[in-house]
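Questions regarding the structure given below will be posed in turn.
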Amino acid sequence: MSTEPLDLSRNGNDVGTLGDKVARYVFFACAFVTVATTLAIIVVLVDGAMDFFSYVSLTEYFTGTNWSPRAADNPSFGVLPLVWGTLMITVGSALIAIPVGTLTAIYLSEYADPRVRKVVKPTLEILAGIPTIVYGFFALSFITPILQSLGRHVEFLPVPGTFNAAAGAIVVGVMIIPMVSSISEDAMSAVPDSLRNAAYGLGATKFEVSTQVVLPASLSGIMAAYILAISRAIGETMAVTLAAGALPQITNDPFEEIQTMTAYMVEIGTGDASVGSIGYQSLFAIGLTLFVMTFLMNVFSMWIRSRYREEYQ
Amino acid sequence: MSTETSEFEFDESAVKRKRQLGRVFLGLCFAATMVGIVALVALLVDVIVEAWGWLTWEFLTYPPSQIVEHYDPSNYGDLPTGPGGMYPMIVGSIYLITLTAIFTLFLGVGAAIYLEEYAGDTFLTRFIEANISNLAGVPSIVYGLLGLAVFVRALQTGQSLIAGSLTLTLLILPIVIVQSQESLRAVPDSMRQASYGAGATKWQTIRNVVLPEAVPGIMTGIILSLSRAIGETAPILMVGAATTLFAPPDLTDPTGPFGAMPMQIFEWAKLPEDDFQHVAAAGIVVLLTVLLLMNAVAIYIRNRYDPRG
Amino acid sequence: MTANGGGPRTVSTSETGRSEPETGVETEEAPLDGPDVSETILESRDLDVYYGDDQALQGISMEIPEQQVTALIGPSGCGKSTFLRSINRMNDLIDVARVEGDLYFRGKNVYDEDVDPVALRRKIGMVFQKPNPFPKSIFDNVAYGLRVQGKDDGDVEEKVRTALERAALLDEVEDQLDSSGLDLSGGQQQRLCIARAIATDPEVILMDEPASALDPVATSKIEDLVEELAEEYTVVIVTHNMQQAARISDKTAVFLTGGELVEFDDTNKIFENPEHDRVEDYITGKFG
Amino acid sequence: ITRGEDSGLEGRITIDGSNTLLPNSALVAELFMWENNQVDIPVSGSGTGAGFQQFCRGETELQNASRAISDDEREQCEENNVDWLELEVVLDGLAVMKHPQNDWCDCLTVDQLNRMWERGSDVETWADLDDDNDGWPDEPISFYGRDAASGTYDYFTEQINGAVGNIRNDYSGSPDTNNIIRGVRGNQYAVGFGGAGYYYENEDDVDLIAIDNGDGCVIPTPETIEAQEYQPLSRPMFLYVRLDELERPEFREFMRFYLENTQETARDVGFYAVPDETIEDQREKLEDAIERYT
Amino acid sequence: MTANGGGPRTVSTSETGRSEPETGVETEEAPLDGPDVSETILESRDLDVYYGDDQALQGISMEIPEQQVTALIGPSGCGKSTFLRSINRMNDLIDVARVEGDLYFRGKNVYDEDVDPVALRRKIGMVFQKPNPFPKSIFDNVAYGLRVQGKDDGDVEEKVRTALERAALLDEVEDQLDSSGLDLSGGQQQRLCIARAIATDPEVILMDEPASALDPVATSKIEDLVEELAEEYTVVIVTHNMQQAARISDKTAVFLTGGELVEFDDTNKIFENPEHDRVEDYITGKFG
């Protein structure tokens, strides 16, 4: 066409700034850090755990009921007492946070004046932002003394020791209340008003609307909140280390001392067990167990939430 | 009409019972809400009461001591050395957070830019996003273990400031990325179109148009994440934060030992002597105050720059 | 129909409903004078409704006859829905809403202290503009009203089927009573909502533009249904669609902007020979 | 803000090892840093065993030890060319502690201790120990003690149960003596063992149980320990010094400072002072070494 | 205008642009035959655009003359915006979009491998439907293009003022060049966007319904401006508004549903005597 073809190439027009060429790769590298992190976690945990499991049989680890990996002679490596301790804290804190958090969510979503909600919801969320070490302190300086004086004054309650599962479960429960209440409240608020009106129009009371219509309609969102909170309780560390103690044992008594998986990791961590010792390696076996547990919970919650999104457009 | 005999009768007894049930239920819901509030108040009051009289200017500006009497303000006059405090740990925490802030700023915003501006809707993208959301749920002590194995041992950084801050960076990175992504997503596409239409390259568009718009949201997210990081104990405990620091860590030598507030609080809280409870509580008040300030800054930025008010 | 005392009475409605509530005289004694085919089941007297400081309805007085279809028409925002919601006190649920004046249901002022709105709503069912089935099974949707009203003692299954039958939906969903109500088409969902409303055997059914979200085929099904329902129930229906009002209603109330009831009369009269020019303008499409 | 005096010395000295000895070394370090604020002395307490592993790999410069170095550890040090000097710095008694409201048991024989702590012990309640039928409560005992990484554990199991590591496996083994104190003070039926120093820091919270080694009941006090009467649970504790570090002036100064102050700091943190003659011996050993390495 | 080789040539466009691209013959050699007043600056040949599996444009062939206003009209969804965006390769930014066929800009196929879309967009400016100034000062908005194109070496201030002047905005904003572009009225914002587009002195300006979000007064200002711009630039403008197309354009292309270019000719011809009945129907408002 024209004698002197138009040059629209990158170089001919001085478009190619270095930034543009490099940026994509730099940013991809940043995003890839997260993948690398997961890989590193898996490699580190599996590698350490392999060393551990070359000493300890999987059967002993998963079925043994005695955890004393650092006994000088005849150590035993049954992880169940630690898992049990973790479960006691998890179940105990869920027993507190789930009812309290759910009822709070119902109150905020269905009953409270919007102005009240605007103040109360973020106030409760402060609870989730307080460092867990502070909860540990709170358990030792406030909750446990209360439990002990209850035990002294109430006939059928035992007097718990300084370290007990109950105090740990209580503070962890308080800590995860806002996870349950906030996420559940979001789910309940997302239920369209038309459903509430439908029920009111049929002569339902507010109680019935809240419990029979709103609650079931937001159930998957609420479930996701529960799972998230439980997953947090499983991984909770400092509060239970301070409050629940360091005695791995399988007991049904919440006023007994226990040890969670995380507290055991802190015990070894502060002791800075020497590299290569079985104690150091057990850290990775426990860490891997913990990682797998929370991973499954996270996947489960993602699955529930992705289903939940479909339900209301 | 009101004289009419056929006046309608409302069958109210059943409704009344339900209403009573409803009132009980409302009472329960309200009580549950109060549980959280009361717990929060109890916690704060407990900490403040325990700290009362122990939180002094000296506590903020002197190094810690082995001897509990050194922390007691009534003894300040007749000590062979200076009073006890948590100065090196306060500085340590600030340094830790500063380094963490720098790392997360680059990594978090970079990753978010990649995911929002560059990546297509491919399997890789979805995998990265699912991975990030999973990482957000990994317990912090596992990050500590990662830091111990990778930074302290494999990369030989030792139990240092840099190991601590890198560990915290990985810990909060998922949250920072997700929040930065949201801020980037909030920048209207018409801005990008306008920029491309003006002949800008992708990088020019991001740097000149997208980022300036997203910065307040990103900053808010980063500060809130940092305020979580500053209170984390388990990860820095695993990488070996020290508790007997006399002088603050050295920012110019990040491979040296470091201390941090939550670690020191943990140490104090473990000590059985009653008076150390007060010292720990004083430390907690300091930590919570720093946290509160960070949150206030974040809220200020959000309110100041958020176009939605 | 549940039992209701009082012999048949004939009530004039053709002269009520002027937009001059301050006269108020005709309505005061209205229920007892004048001959007509049907008894008054609902009567509003000088009803004002406010949202905060804005008045949405201005002194509405009208009498709605039993077992007939009464249509409420008027331009958007004129207060039709507001009036409908004040009949079964759904306005109570809106924080800023405030009702003044009286509204009688079978001679009882529903705004009296001793009236529980929940009990009221059990007598006066409601169907909304957008179909709003619960995210439950078709069966549970219909049975829900029975359950909350404690009417689930007898044969619930029987009652549910009857309601679906009357709502002209049974044939279409007979084999899938356990599948979710949300899986139905829009028109089916709306009929499900009607079935849900009639399952508890109310006396009045309020419908707020029940077909406006539906396609023409579904709409005509709903229209047929409304006409049939009037054999057993009193139906008050809001509609934007003039033809619809003309087709299905016995009485028509025309609201105009500002929340006034301008004219209320037999549907034929309204559409053929309205008294007010503004009504004529509205009906012939000159505005609104 | 910088605190303390700048003496011109600077550097870093890392100390790890015995958790029991830690308060003493940390206090000495603290005092030293007040006078030499450019010297940085982080002190950790991983336990004697774990500490020796690091010390013998050359990762730390000073090692707190609540027992003497073992043969294995000697070998390890040798392999890594870590030459060391052992200094005896404090005396300690291993205290057996009980809850203050435990008013039935004031004294236990070594045999009783052995029965209650040995591996596979059948002692579950206080009544099981009640040899004289004094009506000790039939309540389960909670056991607290140090964990296997500690010198305290090694020493206690060897002295009481006859072999290192011979201990019942349902006791709460903690890396931190503070946990033991907290545990015991929180439960009326608890018993625990740990450094006596920790007891004297917490006299209001826990009580001592006297020990009868055949010569009557003895509790750990400065007198009984310094007179070797509190048996078999009194012991010296050591500081292991990496010799090649002595060429650093700040390190030399710190070592001299340590020996000068340890008798006083020991008492401050609840240990017992080693006799003057012993300190004199240690000082000579140190000066000899300094001469060799500078 | 930047320099461009080739002497003045006359090109016929009146016969191109039929919706039968498969013949393809006329366009193949078109740039060189037939006499006309203006040179062709843009030419599309058999251009297909797909969004995923949906075809939005079907074999579009047309020649757009230099320094004239070419209007693209047609009902909603017929692909006008899509065609516009394929000229400066803004479609590259849409993941699912795929372009087949050729589009020549001064004889260079912009879909050639060696063409950088960024370089292309520096020659072909764009103004969007909704005014989209950056949240920066008025000055920085106009200077933005200069900066990203590295043309900010000379007197930026001078260039900015000239652009604002040409966009008929300078008088109104002269004293507030530092205040935010967002504080202007909608019409002013759109003129600011035009100033931003012309500041870098492109050869073609694409406008996608630039006045549709504006009130009538602002619209007429934009229209005047478009006519003036054509003295220096080639303008391609999409509009929904038939009258607007008739008023301001020299050439008009009519797209109809399905993504076909049905007719392309002088604006007068199109509006007075279109060849196709479908075009006539569309223009007289029978559909669309």
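To keep things simple, chains are lettered A, B, C, D and E as they appear, and every chain counts its residues starting from 1.
Simple rule for what comes next: a contact is a pair of C-beta atoms (placed from the backbone, for glycine too) under 8 Å apart; a residue touches a chain by one contact, two chains touch by 3 or more.
Computed from a predicted structure; not experimentally measured.
Any chain bridging chain B and chain E, meaning touching each of them, is among A; the list is complete. Chains touching both chain B and chain C: A. Ranking A-B and B-D by contacting C-beta pairs places A-B first. When each chain is reduced to the average of its Cα atoms, C sits farthest from chain B.
In this assembly, E is the chain whose CA centroid lies farthest from the centroid of chain A. In this entry, chain C maps onto chain E through a rotation of 175 degrees when their C-alpha atoms are superposed, rounded to the nearest 5. Per-chain CA centroids place chain A at a distance of 55 Å from chain E. Centre-to-centre, using mean CA coordinates, chain C is 87 Å away from chain D. The distance from the centre of chain A to the centre of chain C, each centre being the mean of the chain's C-alpha atoms, comes to 51 Å.
In chain A, the residues that reach two or more other chains under the touch definition are 15, 205, 208, 270, 272. Shown for chain E are the residues that touch two or more other chains, namely 118-119, 122. The set of chain D residues touching two or more other chains comprises 44, 176, 179, 182, 185.
Every pair of chains in contact is given here: A-B, A-C, A-D, A-E, B-C, B-D, B-E.
Contacts from chain A toward chain B in the complex involve residues 15, 17, 19-20, 23-24, 26-35, 37-38, 40-41, 44-45, 48, 99-104, 106-108, 111-112, 120, 123-124, 126-127, 129-138, 140-142, 174, 177-178, 181, 205-208, 210-211, 228, 231-232, 234-238, 242, 262, 265-266, 269-270, 272, 275, 283-284, 287, 290-291, 294-295, 297-299, 301-302.
Note for the complex: chain B touches chain C at residues 1-2, 4-8, 10-12, 14-16, 18-19. Contacts from chain D toward chain B in the complex involve residues 1-4, 12, 14, 23, 26-27, 29-31, 33-34, 37, 40-44, 176, 178-179, 181-182, 185, 198, 201-202, 204-205, 268-269.
Remark: chain C residues 4-6, 31-32, 43, 104-109, 114-116, 118-120, 122-123, 149-150 touch chain B in the complex. Note for the complex: chain D touches chain A at residues 16, 44, 46-47, 50, 53-54, 119, 142, 147-149, 153-154, 157, 163-167, 169-176, 179, 182-183, 185-188, 190.
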